[in-house]
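Structures incoming, each one as structure tokens.
Same chain, two partners: subunit A is paired with subunit B first, then with subunit C.
And then the complex of A and B:
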């Protein structure tokens, strides 16, 4: 079963949440970030090239122009490969673990898998970000020495920053699967 | 509870048979290692499994049955497979069946001894057996320091990786072997080996022995009494070339030792040292071939003398400037002239010495350049030492200026205490009040005034020569940083991460495959490789690092008081 719903991110950009249920204990929740705007891309490129032309007019050195083209290309590649996140997804498999994936605009995917025994809980937290207070979803990791303690907090959906309504949907989905491990009988 | 079955993707097209592997009860998961085909005798299978268990220390057992029927499902076969469950008693008995070329298999379990048989969900996880066997799972860096109760908290995935890695012996039997058991696993089509690797392995034993013998000779010579006499040992400790040579000899000893590497870390370390040495020597040879072509050494020697002359002339100009009215400050004429002439005479001596050496420079450089074949790091160390030798006069001036300044500062502070009627108590290590005689006070005040008014002159000389010395120290430090970088970079690990990224695993990642209702959940388990930063951090080679041991505040304090500074102190060297 698959459904996609539109939401808004913390800064007002439109994002979409796609919820897919693969089986009774496996769910995939993907948040698609706003796409790269052609407007801002052309604005930045034109600004850099105008500056390069200005320098060329002053210094009469054609290396400035080729340096500007080179810089724009390299900068665009670095931006697409390391900075611009296309989609962030959460795959919850009951009794195996939680997998967090970020797909970048160039196709690169960076994945982290957290085993179920390390997951203490998934909660919605508040944080002060720049001048706003935003909500974010995070996974609390169990401290191996202390059953009540939390060793690490892993924040999710950091690039798309969905608002509370979207986060509540994701939270409810996750909790349904996490509850199953509490009700499941212990194996001998 | 959910049952997880880890199925090797190489067995997807295997003929019908029974599944053998390891059952991990605390995780309710079954790791399937191979499929045993019909016909077989159950007693022989049990014997074979107990042999395997003894050698590999992995509790391998028969876990279930696998049926791959090309046509319609046969009823008799399914009953036969269920009956097998009674012969090989295993709880729960897993039955996987594949029809035709369908991707969606049906999987069920048989629980005979449980009181409440329930339908539990089954997750089928495919894994690439060869990659998981060869891969090494790295724990997260902050939990690398193990604690006692790690054993039961150990990562669940580590158990799976461990199982497959330790069952190497099981994968040595291929289908062309004439045994009672016919297995299917990743190597069942034939065990692969490389002739080159085998030849290298055979050749490495005598090579290691030869290398060990040579190294023992060299270290015997190095440790001999002749080289331990005072001037020579002092020289060896000051030259960074000798340190680097000793470091490299140590590396060679590590590689040429006869003991096999015990675990992954030692193996990677040996490989890293070997590749690092190889690249170093290759780069050194490249540098050497570039240097010796077109008589570059001659050009270098020709420009060396004029450069040294130029530096000496600049220093002379600087001293003339200091002897005048530098930056508008008024110096004490007499002291100025004395210090200026003293340093000028030194420079004169230095220039004469350089001119004396000039006919031999080219020959010396030619022979010294030959040592670049020992590696690029050696060439860089020699460069650093040559810079140190050429700027030796700056070092001498710095020491003179610093000592003079230091003396003055101590004298001033002691006389300042006398001025106020106090004294430094050496016994109690504190300042005590003291009553002085009139003539003591008189002489003390006179000396204090003299020293105070002479302070600007000495301070200026000290400042100028300290700045020059710091410049030379920074240049030497940069070269040492470069040498350290080449020494400690784990090149083999980086190349491995680039080419065979599954060998260095940070974890796993799951991909959900196509699903069909009513069939178990299908997942593909792939290896998540370690990031380059973690690779470098985990496998960095240790160096005799020369990071500045003083913090900025203590450095400034030493500079202010006129104490001699040696920012790049080696590990294990005595304080000067």
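And then the complex of A and C:
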């Protein structure tokens, strides 16, 4: 079963949550971030080129123009490959673990896998971030020495920053699967 | 003993500070404006350069301006990042003792773990 619903990010941009259930204990939740807008790209490019043309008019050095073109190209490639996230997804497999994938606009995908024995819980936490208080979903990792302790916090959906309504959907889906490991603790 | 009410001693302190600050301001004006030759003829020769009469206020104002930005930056730096455990718990919460539950008494104040809070808020009980 697969469905896609529109939501809003913390800054107001439209995002979409896609929830796929592969089996009873395996679910994939993907948040698609807003695409790179053509108008903001052309605005930045024209601003940089206008500034370079202004510098060229002042300094009479044509290297400024070629440097501006080069900078714009390299900057765009770096932005698409390292900064602009296209989709962030969470794959929760009941007995195995949780896989977090970020796909960038250039096609690069970076994944992190966390074993189920290390996962203490998936919670919605609130924290201060850049003069705002935001809700964000995070995975609490178990502290091996202390059953009640948390050793590490892994924040999820950092680039898309969904709002609370989207986070509650993801939270409920994850909790349905995480509860299964309490009721059916079978050795794998 | 620690009330903010006016007392005779406080009035005397206030008046002494008032006289002292007026005297300091008059001294500063004299130092800044009266020409050096006049001061020398009075016998007052060992005073700092007049350059400082302008430099010190300038330094002070720039320091106040930088202080605004510095305080803002220090606040941003001491905010816990999103991936730190300080957003969830701290030393006092880890070391808290569980008090026994008494019937018909208000439960003792304690830090509720975040998992429990989340379940209460976001998972509706059927």
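Criterion: the second predicted complex is superposed on the first by the 184 of 188 C-alpha atoms of A that agree within 3 Å, B and C clash if a C-alpha of one lies under 4 Å from a C-alpha of the other, contacts with A are read in each partner's own complex, and residues count from 1 in each chain.
Rule of thumb we're sticking to: contacts are C-beta pairs under 8 Å (C-beta built on N, C-alpha and C of every residue); 3 or more make two chains touch, one makes a residue touch a chain.
This is a predicted model, so every value here is computed, not measured.
K.L.:
Could you look at A:113 and tell me whether it touches subunit B, subunit C, both or neither (first, second, both, neither)?
P.N.:
A:113: touches subunit B, not subunit C.
K.L.:
Looking at A:155 after the superposition, I want to know if it touches subunit B, subunit C, both of them or none. Which is it: first, second, both, neither?
P.N.:
second
K.L.:
Touch test for A:91: subunit B only (first), subunit C only (second), both, or neither?
P.N.:
First partner only.
K.L.:
Under the stated touch criterion, which partner chain does A:172 make contact with: subunit B (first), subunit C (second), both, or neither?
P.N.:
The answer is second: A:172 touches subunit C but not subunit B.
K.L.:
Please indicate which partner A:19 is in contact with in the superposed arrangement: first for subunit B, second for subunit C, both, or neither.
P.N.:
A:19 contacts neither subunit B nor subunit C.
K.L.:
Between subunit B and subunit C, whom does A:125 touch in the aligned arrangement: first, second, both, or neither?
P.N.:
Second partner only.
K.L.:
With both complexes superposed on chain A, which partner does A:99 reach: first (subunit B), second (subunit C), both or neither?
P.N.:
After superposition on chain A, A:99 lies in contact with subunit B alone.
K.L.:
Give one of first, second, both or neither to describe whether A:28 is in contact with subunit B, with subunit C, with both, or with none.
P.N.:
So A:28 only meets subunit B here.
K.L.:
In the superposed arrangement, which partner chain does A:140 touch: subunit B (first), subunit C (second), both, or neither?
P.N.:
A:140: touches subunit C, not subunit B.
K.L.:
Under the stated contact criterion, what part of subunit B meets subunit A in this complex?
P.N.:
Listed in rising order, the residues are 1-2, 4, 25-26, 28, 121, 123, 125, 143, 147, 149-150, 153, 155-157, 507-510, 512, 515, 521, 523, 528.
K.L.:
Applying the document's contact rule, which stretches of subunit A touch subunit B when the two form their complex?
P.N.:
Subunit A reaches subunit B through residues 22-26, 28, 91, 93-96, 99, 101, 111-113, 115, 117, 144-145, 184-188.
K.L.:
Which residues, counting only subunit C, touch subunit A once they are in their complex?
P.N.:
So the residues of subunit C in touch with subunit A come to 79-80, 82-85, 87-89, 94, 113-115, 118-119, 122-123.
K.L.:
Quick check on the complex: what are the subunit A residues that touch subunit C?
P.N.:
On the subunit A side, the touching residues are 120-121, 123-125, 127-129, 136, 138, 140, 148-155, 158, 168, 171-172, 175.
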